[in-house]
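Next up: some structures, all given as structure tokens.
First chain A sits with chain B, and in the next complex the same chain sits with chain C.
For the complex of A and B:
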């Protein structure tokens, strides 16, 4: 911690670490210095001149956004001179501003409106013609209206520094200065919409959201993104039971201000025309609508009959369903159906890591660790594509703490741009290659190691041995794909493990075996699409599928049940690092039921006693019975992330062949993305890993 | 080529070779004490060189008049980073046209000044940034540089002294703002020409984030004679704290416009009357902009003063870049203010709100006002908008736009009021100003 310096603000004594910018130092004391161009964590601009304050012994007003605090400094933020300067800046910036607030998307949550209300003059004196430049569409999701732009350069910086994309620049000069996209008239970029998010005014607007609503007509519901495993917090803007916007409105959570293209725009899949709104049953070879009652009764009867005669069940769970749903599903399978044939698509080797770490010094890393570690190694993953938020935190770490980073990948990745050193190795050779970095990592004094699906089984053990040999704190993340892959493993959706990574010590079929089996009587697939790249099942089981869409798997089902999406339910999910967060129901979708409700109704129909089936009750049960999940409820309930504990040893044989990432890019999301117009309309869709394009 | 006849009152130090045959060639230069200042400096310690420059009371000729020796003293000589010498040859201040003559007629003098600065701060490379429109000067300078290399006055181990120095030329791309030192450095590095946040100042972190001395062409050109003949000799030519001579660019409604090298402190009225041959067409003097378009205007009554930094500061204006713009009694001061603002509105880099929006507003307002569309309240508004910019912009360009505007309204309010009667403008012309 640097030394504290003492200064006086508006007569109040305050203190702050030396080097703190004045604008940050005062915030803690409830003093606001207005700012447009200042944006925490990005390069300083001193361009808007809104933050001018009086500093004793300095002849001119000073920009608080660039002024480091100093011992004995005397600052005044509320004098007539300062008030006059603020008023002047607002009058000036409004001269060419269209003041089309009544139809501007930003109206009601616009920083320029707020500042004008608070610090501006009652009337303008500008009597000349305003400069007009027509609005431009830069991509399906990003629109730019130059007249509304106040040239704070936040968008340019977030794209360049935050995203590492640098798709935005400035053209022309003087009053004709204009933000321009990298392809002159359109964008070729991540399409993450971060520029829209940071824009203080309505200059950058979101294609899907434009002119849909006034901000105050929406309900704002804080939940977790439904796509990748990073677990970004997002605020759904909901009106008339539909989601019209997603952004992390209060910048809280693991992601701060960040959302990637999927988190920001791909909430629309649930509203797809192709969404299932009624159960379907196979009649004369074709799927036909039936009622929920009939569907559930049919399934219950079938399940009951098969159980009765000791027939074989197979259950395939999901990487997207909540911990509560997963927990209940495995209970249903194991206790209700008496089968241990339960599995899900495994996308990374978490289990070996947990086992290998048992009794060792190494630990699991949190998202915060990725932002703070002196050195970060990424093995076998195109991080900017596959883990956009982790990659964002990593870039911030380099910017703010000069972290050393080392991508060890089969092809070029964006992290190369900031890397101390990049190593190119074929898949499987990552851990071996890592050896050459030992000295540097030791020197760095602390390392976070992220590894993708090529690193599994023995390679993970070797990796942990390597980490232990460094003699500095080492933390790990086993990279997995989807919003609740971790929860699927830890809630017992594998034949090897019961909840809490407790060995089941009973045999059971894995996905591959279930699909290849000719002996199954029932195959129950929940929120998964195992037949995506496969012509058909080997056997002829009674196939029940719970999904949002008629996926390849649903097409072959005997009964399809329309399920709710992650935005339509409550519960918890565990992110890639093992941090648990809470989902909040944003909307409901006509004709659907959440997976948990479906399970509960089936259990009732079958007269099974599996305990209470509400998200709250199940979370309580998980917190008390599942190892590592004794998380603090208040943390979750207030929108925080609670880290789960390390659970090793896990004495089982990990079937490494079953582990493979779906290799989604930043524009794809398994079987979901094709139902998102926002994603499929992008020229960058579907994107390619290790293409060098993301550089 | 020279553009005006020399005047007998001139004191020719920097311009002493002007008019000599092949004045730009290294042979002429060497035959007339060329590179002697460098050789002398090579025998001195860096501290002694800086002291000599301090003694000369040389102040920066680019506009701000910062003491040159002091500036060189700010460079951390022991920094492990390379240090750079950068020449500001962007010369874009309306009314200013002296650096071009120095480069055209005596490029080696500039190179020698850079080399001496290099000795003073332990720099071994220099960049000359020249405004894009001065393309022909780059050719002249490149030729001089090539000559210097081939004759051993640049490159490795210059004249066996063990000192290495390289010089590169770089063209600007047509922006006034690129004359501002930090924007120049951005532009030099190939980036958009917008200024940098200071501190750090160029002396500590300049070109390529390395310690850098950045001076005007004329400033460097004064250095060889200071080393050759001693700082005291140079200082004695001017007034206290305002050493030496400087190149004044006389333009506007004057009989003998041109660039004249006169001692610091030369009386402005005499400059107009005697050196410039008086106001043209037998007209009376109305006003003078004493140091380029960024300086507050002086009324005819205020012009009996010594042209040095301190005297002009007392008169609430500036010596600036030495561009003396003379306006006769027929000049429309509203139009003059309008045309100055047209320049700044065009040249504002656009980085900060007050300058970008303020200059654009003032430009439109002044054009409307001059065209006869003004209201009485506009007169105060012009001043108000300019004052709202003043002291609040990112770089001094905003002030440079605001200051003259405020002075025009304050000192010639009557003329603004006269325009309220409507068009046409009550004045005959204001077309012959060297202003844009």
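For the complex of A and C:
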């Protein structure tokens, strides 16, 4: 495949690896061949005939989307003959098209509109009445308008190949052909909206987005999704300080075109009616609104008083806050409050992995590795539910590189459909079961192993021993739950570790101990909901909670501070693979402050000198002081993902009992997802989609 | 659930094709032979055996005239509604059939004897208008001839 082929396009000599499709080969040279049905990474369709080009010595026009480059080929992409052919195709495509661009959501970013404008098929020769079919709603988020559809099959292919769901098909024939959902009149699927994203026209439209705006009236802000740990890039469409749409508009980043249902539709949690807009304080047993000034003064006074008399603090950090916030919070706790009682909800055993790989280097897999590895093993995790983007990359790996995949899980998972072999084991028996795959994995020549929360402590060491014994390159991913679970560990939100996984060698309470303690004077909870499934605290500490909502924990608080969401702040987060990416503030929310601003104001109020507290300054500090985080700023600033190099040994006893994944499904992500109207509407929607059943 | 017979018959087709998906038309014909038509459940069952989604199968089933996604009568009349038959008076023949059977195109008689379906060209334009009843083609149709033909099917 690596042999270069030389050819001429529009008089320009170009070269491309043998086997490259013409349509892909020319793009690098700034030549665009238009196409509706061609979609990079999916099976070829050659249905739309828009990519027709003239090739010398070939009698008829050829479809560039199916034609591999050949030595000496002479191609012309824009001649009168080509333009005529494209114009004729457009005339046919538009036969029954309603031409309702003025009210169509796609207007302004429609490929059909652009092509018609370019080739001038403004007038058709058909006098017959256009066939009309009424629009259909297939789910709370997916609408289908048949007359606008050009039958490019992109949606059918992305659902089938990309998602492995196959909820869409084509019924009937010729002019009566129609896209159909799998349940006669509605969809039973992931509701990921990939079909809407790939639709080149306005045939598939998004429930939450439709008729809200024109694309050019929005600001497009590229940031990182706030839900799971995969770290998908998303472009927020912002108008009048509200997010109207999320899609990865330029297909850049780790996820390419992919977003799951949470990324695409659950950006609305921050706009929930239940969002806190003012600090609350407990007055006569009830939470009453107070001003920020009074709230901060009260907390600072209390913190100061407790510190003065040597009282006990407990600090619980978040899996969702930025690296900068986490770093500053641990500094606040350790230097400002003089406590090492700091923890967060741990969802996967990263620490043992880093320790077990000490001194080896380069064995932490990136998202790209999951797409490229010859073999991938998934241990104890329903990947399609908990890590939709990693599962998407895995399916792409199978499609494009024929990867061998091996899910080893307690129950059936979607990955089984493409698996070379699936193993069913009881929880905890995953690593044991791997032994039977040794020969196959050795043969494959390279393996990426993803493991969920059942694999922890000694099991991780055994896993790494197994990997070592294979004698082929093996890389690992410790699966964790949330957008910055990895960053919480690596920024020092545990009693055992300082930032950069440096052992603190100091004792400290973990979450469970803090909640059960009767000796704490202050408990400070930032962006976490530890009392979700628990009775009240054992003791009666002064409870300060920073959150977006009145969670179960906030209900018990003495003071609640309304915090900003991930879409309302700048900073960086570290994804499940350890890749750092930058958040960019999309909107502001009335009455709230970012967690970092809250920390800074409290520090000021308490007259603590903890250094500058802006995202930029803290990132600079992290990059220079935190082991493994000396990432290249330019990569982050340009929207890239920078791999961290946190390395062992990490000589501590990992408290494995404290590690529990929340086992979120495709439609949940801890406490925040329940405030998303879009997700809630999908959960109430009939069908199997929220039964947790993997297809 | 596919019956053991259906399954055996479908599996007997496997060696004739390079992969299982290619068996889908035969598989649907076999199930239709036993059940008369292809229900959603039937497609699910076939899909499971062939490793195809039911939407894929639905696409194939709705593409072909001889696969039924709804129950049909004991006999199916396919009346050509394409150009040559139309020029040769196909409309009148259709009206005659509809009147005689008391159904519209696409419907089944109350006694379940006939279903009338339009079809695009039966490849016998030189003898238009043409219809097919089950597997037999009938040419040069006139109302009288139609009456005679339909009498043969009960």
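Assume the second predicted complex is superposed on the first by the 678 of 695 C-alpha atoms of A that agree within 3 Å, B and C clash if a C-alpha of one lies under 4 Å from a C-alpha of the other, contacts with A are read in each partner's own complex, and residues count from 1 in each chain.
By our rule, a contact is a pair of C-beta atoms (placed from the backbone, for glycine too) under 8 Å apart; a residue touches a chain by one contact, two chains touch by 3 or more.
This structure is a prediction, so every number in the text was calculated from the model and none was measured.
Undergrad: Do chain B and chain C fit side by side on chain A after the overlay, or clash?
TA: Taken together on chain A, chain C would clash with chain B, as the superposition shows.
Undergrad: Going by the contact rule set out at the top, does A:126 touch chain B (first), chain C (second), both, or neither?
TA: A:126: touches chain B, not chain C.
Undergrad: Give one of first, second, both or neither to describe whether A:166 is in contact with chain B, with chain C, with both, or with none.
TA: Second partner only.
Undergrad: So in the superposed three-chain picture, is A:46 touching just chain B, just chain C, both, or none of them (first/second/both/neither)?
TA: A:46 contacts chain B only, not chain C.
Undergrad: Who does A:538 touch here: chain B (first), chain C (second), both, or neither?
TA: Touch partners of A:538: none, neither chain B nor chain C.
Undergrad: Between chain B (first) and chain C (second), which does A:99 come into contact with in this model arrangement: first, second, both, or neither?
TA: The answer is neither, since A:99 touches no partner chain.
Undergrad: So, does A:184 touch the first partner chain B, the second partner chain C, both, or neither?
TA: It touches chain C, and chain B stays clear.
Undergrad: Does chain A have more residues touched by chain B or by chain C?
TA: With both complexes superposed on chain A, more residues of chain A are touched by B.
Undergrad: In the overlaid three-chain picture, which partner chain does A:89 touch, first (chain B) or second (chain C), both, or neither?
TA: first
Undergrad: With the touch criterion stated at the top, can you tell me which chain A residues are shared between the chain B interface and the chain C interface?
TA: Residues common to the chain A contacts of chain C and of chain B are 169-170, 172-173, listed in rising order.
Undergrad: Which bits of chain B are touching chain A when the two form their complex?
TA: Chain B reaches chain A through residues 175, 177, 192-193, 197, 345-354, 356-361, 364-365, 368, 378, 381, 384-385, 388-389, 391-394.
Undergrad: Could you please specify the touching residues of chain A with respect to chain B in the complex?
TA: Against chain B, the touching part of chain A is residues 44-50, 52, 60-61, 66, 85, 88-89, 91-93, 95-96, 125-129, 131, 150-151, 169-170, 172-177.
Undergrad: Where on chain A does chain C make contact in their complex?
TA: Residues in contact with chain C: 156, 160, 166-173, 180-182, 184.
Undergrad: What part of chain C is in contact with chain A in the complex they form?
TA: Its residues touching chain A are 40, 53-56, 58-59, 62-63.
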